[in-house]
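Each chain gets a letter, A, B, C and D, in the order it is written, and its residues are counted from 1.
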Amino acid sequence: MPTQNDFVLSVEDLAVSFDGFKAVDDLTFYVDKNEILVIIGPNGAGKTTVLDLICGRTKAIAGSIKFHGEELTAKTEHEIVRAGVGRKFQNPSIYETLTVFENLEISYPRGRSVFGALFFRTDAAVRERIAEVAEMIFLEDCLSMRAEYLSHGQKQWLEIGMLLIQDPDLLMLDEPVAGMSVGERVKTAELLNRIIRDRSVLVIEHDMKFVEDIAHKVIVLHQGKIISQGAMAKVKADPKVVEVYLGH
Amino acid sequence: MSAGDFSSDRPSALRRKLLFGMAAVPGLALLPRAVAAAAPAASVNSTGLAVTDSTVTVGILHSITGTMAISETGSVEAEKLAIAQINEQGGVLGRKIQVIQEDGASDWPTFAEKSKKLLVNDKVAAVFGCWTSASRKAVLPVFEQYNGMLYYPTFYEGLEQSKNVIYTGQEATQQILAGLDWVMKEKGAKTFYLLGSDYIWPRTSNKIARKHIEMHGLTVAGEEYFPLGNTEFNSVINKIKLKKPDVIYMSVVGGSNVAFYKQLKAAGIDLNKQTLMTISVTEDEILGIGGENIAGAYACMKYFQSLDNPNNKAFVPAFKKMWGEKAVIGDVTQAAYLGPWLWKLTVEKAGSFDIDKVAAASPGIEFKGAPEGYVRIHENHHLWSKSRVGRARADGQYDLVYETPDLMEPNPFPKGYQ
Amino acid sequence: MLMGYSFADLGSIFAMQAFAGLSLFSVFLLMALGLAIIFGQMGVINMAHGEFMILGAYVTYLCSGFFSAFLPGLYAIYFLVAMVLAFVVAGALGMAVEWLMIRHLYRRPLDTLLATWGLSLVLQQAYRSIFGAREVGVELPEWMMGSTHLSETIDIPINGLFVMALTVLITACVFAMMFRSSWGKKVRAVVQNRTMAGAVGIDTERVDRYTFGIGCGIAGVAGSAFTMIGSTGPTSGQLYIVDTFLVVVFGGAQSLLGTIASAFSISQAQSTMEFFLSGSMAKVLVLLGVVGILMLRPQGLFVIKVRR
Amino acid sequence: MSKTLFASRGNLVGLLLLAVLLLVVFPLVFDIFRLNLVGKYLTYAFVALGLVLCWGNAGILSLGQGVFFGLGGYCMAMFLKLEASSPENTKIQSTPGIPDFMDWNQVTALPWFWEPFHSLSFSLVAVVVVPALFAFVIGLAMFKRRVGGVYFAIITQAIAAILTILIVGQQGYTGGINGITDLRTLKGWDIRTDHAKLILYFINGGLLLGALLLAQFVQQTKLGRLLVAMRDKEDRVRFSGYDVSSFRIFVFCFAAGLAAIGGAMFTLQVGFMSSSFIGIVPSIEMVIYCAVGGRSSLIGAVYGTLLINFGRSLLSESFPQLWQFAMGGLFIAIVMVFPDGLAGLYQTYAAPLIARRFRSGRGGGRIAAASTGSRVH
């Protein structure tokens, strides 16, 4: 199968196993520009493992992951991030003791080297960018609040904001609306639709309503393999999918 | 052969009194006391030491915590005994000795700190202390800079001589050569296996031993060192079994000894058949090793608790009376006991506590009440002393099997052995 | 090295060295087993492990004195009694320590390190105050000393055999306990997920306390056994701590099998090198090797690959 | 909010107070003997400062800081020893002109790695660079492989053990267990006199305050915050595009460099360097200095160091046995009862009091002398 260089992300023949258990097997999919791709599937299907593989947290035993035509499998995590891949974790991972402002400031993509960080100054450009992102993630009024006091949904947004400030080409979100109220969910969908103009988004989600709202394309994963993919409507109708997942 | 053959038979000294030592030197003891009663502090102390009309302060500096406390405890006990006895006799120049004790905590910088405290703050007239070479090396510059007097009890590697130190233990050649000669002659030993802990004293001692062995045209079959605290000796014991040396020559120190002798015995090496000579195991160490594990080994040092002479027959009970029936006395403990006595004798000869005068008066001072028999301070501040070989018994004591007929001259910088 | 020795010599030396290696292996394993449970299974860094061992040794010392004074007829078997007592005493102290100290620190592993270091200082001084600063000699019944004479040059030390047998026994017990009993299942459940284990009805506090106690008790037995080959003094315990931790870490902390493998490889390397090099250099090289391999393989020899 | 390049205003006040205490109060109160002792304690404070950054902030517990302290001290001692071993001073040796312990060990020529230490400037550079380089190698090997936490602590401990055996075993080149002793002059200036000790005390105090300022600067930068961040949320930092290992290597080297300066000052003030520092026991003790201060408080670390060492000196003069119980008890208490150490006590009890006073006095003054890692804007 020829590699498609015009895709943002091409994952081909990817496989990984843990002590003989194949968590991901022979996986191939592509993410297009300005596309929101959602991966769904039952627990243990290997969804999070796929994200781990792409962002370098887990090393594949076979296959390739190309980002803008560049091989990612040999790169370290921070190199992958610097190449333009952002990743949000399942449980919001933010710096609880710092303020919202500081959380964003520390994620600002300047001064990433040791000495860069040593001599990093928070200048006007940084402040401006932080304000901009804060507005995008609905937290412009909470900038000086310590992050631990945010609601669960706000923490999810903050983490997305910490990725956005780095302006990644591919954003990977692991269950972004888990624990959110209906209102927050709607706002999050809105947020994703807004940011998609400049980038692609890969989402893992269980919330079918939310998936229907945002997904351009859906992949259904089961036991490490793709059993169905395409538009949400098509996938929903697939009997295999109904059997393993939606039917429950 | 009984050890008694070597002792002088002076009947009066058999009395079991604390004041045994002075029997031998009545003149020295009485005369200065009469003088001192009249002498004000200023006349016997022109340099501001801690001396009043009725007291004089000295320091004891040993480790009573940390790993070295195991070894140094005996020295502290001996020094306190000597000081108590001296006080009972009326003190030094009519002044009672007061003691400030400091803990070196088995840490050499702490020794330096504490010695400085004793000299600078407490202005002690003398310090009895240190055990390891490292602690002595750490305090030596302090004693030289602030002009103090150290009485150092341990047998050591030599290569040192200072105006400010009296070495009451043996330096390496005193301890080693006679024993080697004895084992060559008596046992017809031709091959030697040298084992030691990995630090300066065993290495220097073995260097001297090796030169001496090779000078006699004999062979060193092996020479090995183990980290301090090592407890695994099975491999080297196998090597010994393979090389079958006539003599195993040991300078392993501390807890390693316990491991070595237990493993040696377990490996089926019978010390009644295999000659082993140690220069590091005193009666103190045997407590930990267990007499049954080392019985038959030879030790080469200047003092054994079992020495049969009148001085020792008074000393051992006095020590046990003060520190308990189970107390044992090793070579270093005895040497530590000499310190306060030598200092007292020297001060009374000099008629002053001044360090310079004490240092100058030291050469030639003889202590006839020494448990080891008789000692005299050499010009180089070490002691003339006999060298002895003892054989370990199962009850943890040594039987004296040989002693040099004459006192051995201390030679800290031995020509031909460096 | 090989020149000058006859084949018979070499053969017997080979046998003796193999035995030396094996007995070092059992020593290492015995030291490490208690720690492997405490550190590997519970994640507690017990820097006072050596002091628990010495506690066992002192118990043995007291027993030896007691039997020779009051029960001289039974002296031959006092050692067995002493080992049981060592287990009980060290285990009881371990449980007390767990209850007073460790249980408050499960979320802060590095802090357990500091606190148990403090404990080790306190215990050392306590030993010194009670038993004196000098080493104590522990006498052994006659049948345990000496060796069986197999040939002219091959002697097998009886106490070495004894330590080996003891190691096999204790290892078997530990394995049975961890992998064959419901107790072991509980321990492993608590280790993997404390909250969950509590939620399904396991009394996690009890499990922790007993596990810690058993680990310390094994240390006590090890200390008791080591009176046969090493010294017993207030600070003797410190000698073991680096070796012990390296054995456990090198094996892969969570794997008991790994502990065995690592004790085996380290002891073989050490006893072989000791034969060809001086003791000091052998030790340095072995430690360097272990640290080097740990740098290449930080999880240790044996590790269960988990999905994150 | 007030914030300067190096420290918040609160920290500056704390720093100033400490400076007054070290450079004015102590020299006035203590005689030269005690002052020299304080000077010695303060050299340990360098190590504690490094540990605050390394352990308190970045969460890397090294049980081998004594190694770096020792290496720094040895570099200094090698220079001083060579100066003390001029051919005239050592003419009784079989090989004059080499250090005495080499002569005792039949070393007949100066080993190659001693040669450069004839130069003072080389030695001064080496004091910092050699330990930092060693830390770099260790850090590179460990942090790149993500060895952390407990494992790092145990491996550093093993490294300390290895180095001790090596240094003690190679006594012909290192002075063995005795260390390098009997150091006398620095470029002809006798460092043993009271006057020299006084000067060295002030140099030491000045350097310590400088180191404190530098460490505070690091703590205040983005790098400082990243260290804390990667202690708590390592993955988040990594997936924000930072190379976590290189930051850890940096702070480990930085701490090693600080410890090394302390070691060099120790050598100068005490007059010898002992192999006993390159061991496990002193390394762990230095961790407790830092813990008593409050782990992530730099100024607290200095006070913690002083407090413990004063305590040791006083207690061990009168009750040596008690000291070991006290030290052990302190370890336990610090962990169990006062995990935030002196800084925590200050924050809980003293700071509110002072703040109230200040507010009623002139209002708004904010004191955070012992900030526990949270930043003051």
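Assume a residue touches a chain if its C-beta (ideal position, glycine included) is under 8 Å from a C-beta of that chain, and two chains touch if they have at least 3 such contacts.
Just so we're on the same page, UniProt names per chain: A = Urea ABC transporter ATP-binding protein UrtD; B = Urea ABC transporter substrate-binding protein; C = Urea ABC transporter permease subunit UrtB; D = Urea ABC transporter permease subunit UrtC.
Keep in mind that this is a model prediction, so the values were computed, not measured.
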The chain whose C-alpha centroid lies farthest from that of subunit D is chain A
If I rank A-D and B-D by number of C-beta contact pairs, which comes first? B-D
Centroid distance [mean C-alpha coordinates] between subunit D and subunit A, Å: 44
Distance between subunit B and subunit D based on Cα centroids, please, to the nearest Å. 38
Could you tell me the distance, in whole angstrom, between the mean C-alpha positions of subunit A and subunit C? 48
For subunit C and subunit D, let me know how many angstrom lie between their CA-based centres, rounded off. 34
Mind pulling the subunit A residues that touch 2 or more other chains? 57
What positions in subunit C touch 2 or more of the other chains? 125, 128, 238, 280, 283
Multi-chain contacts in subunit D, i.e. residues touching at least two other chains, fall at 165, 169, 321, 324
Residue positions on subunit A within touch of subunit D in the complex are 55, 57, 76-78, 81-82, 86-87, 89, 93-98, 102, 105-107, 109, 111-114, 117-120, 159, 162, 166
Sort out for me which residues of subunit C touch subunit D in the complex. 39, 43, 45, 101, 104-105, 108-115, 117-126, 128-129, 238, 241-242, 245-246, 249, 280-281, 283-284, 287-288, 290-291, 294-296, 298
State the interface residues of subunit D toward subunit B in the complex, per the touch definition above. 33, 36-37, 40, 92, 94, 100-101, 103-106, 165, 168-169, 171, 176-179, 181-183, 192, 266, 270-272, 274-277, 282, 313, 316-317, 320-321, 323-324
So, in the complex, the side of subunit D touching subunit C is made of residues 55, 61, 141-142, 145-147, 149-151, 153-155, 157-159, 161-162, 165-166, 169, 280-281, 284, 287-288, 291, 321, 324-325, 327-332, 334-336, 339
Mind pulling up the subunit B residues that touch subunit C in the complex? 64-67, 69-70, 72-74, 198, 224-227, 229-232, 234-239, 241-242, 254-259, 262-263, 265-268, 284-293, 396
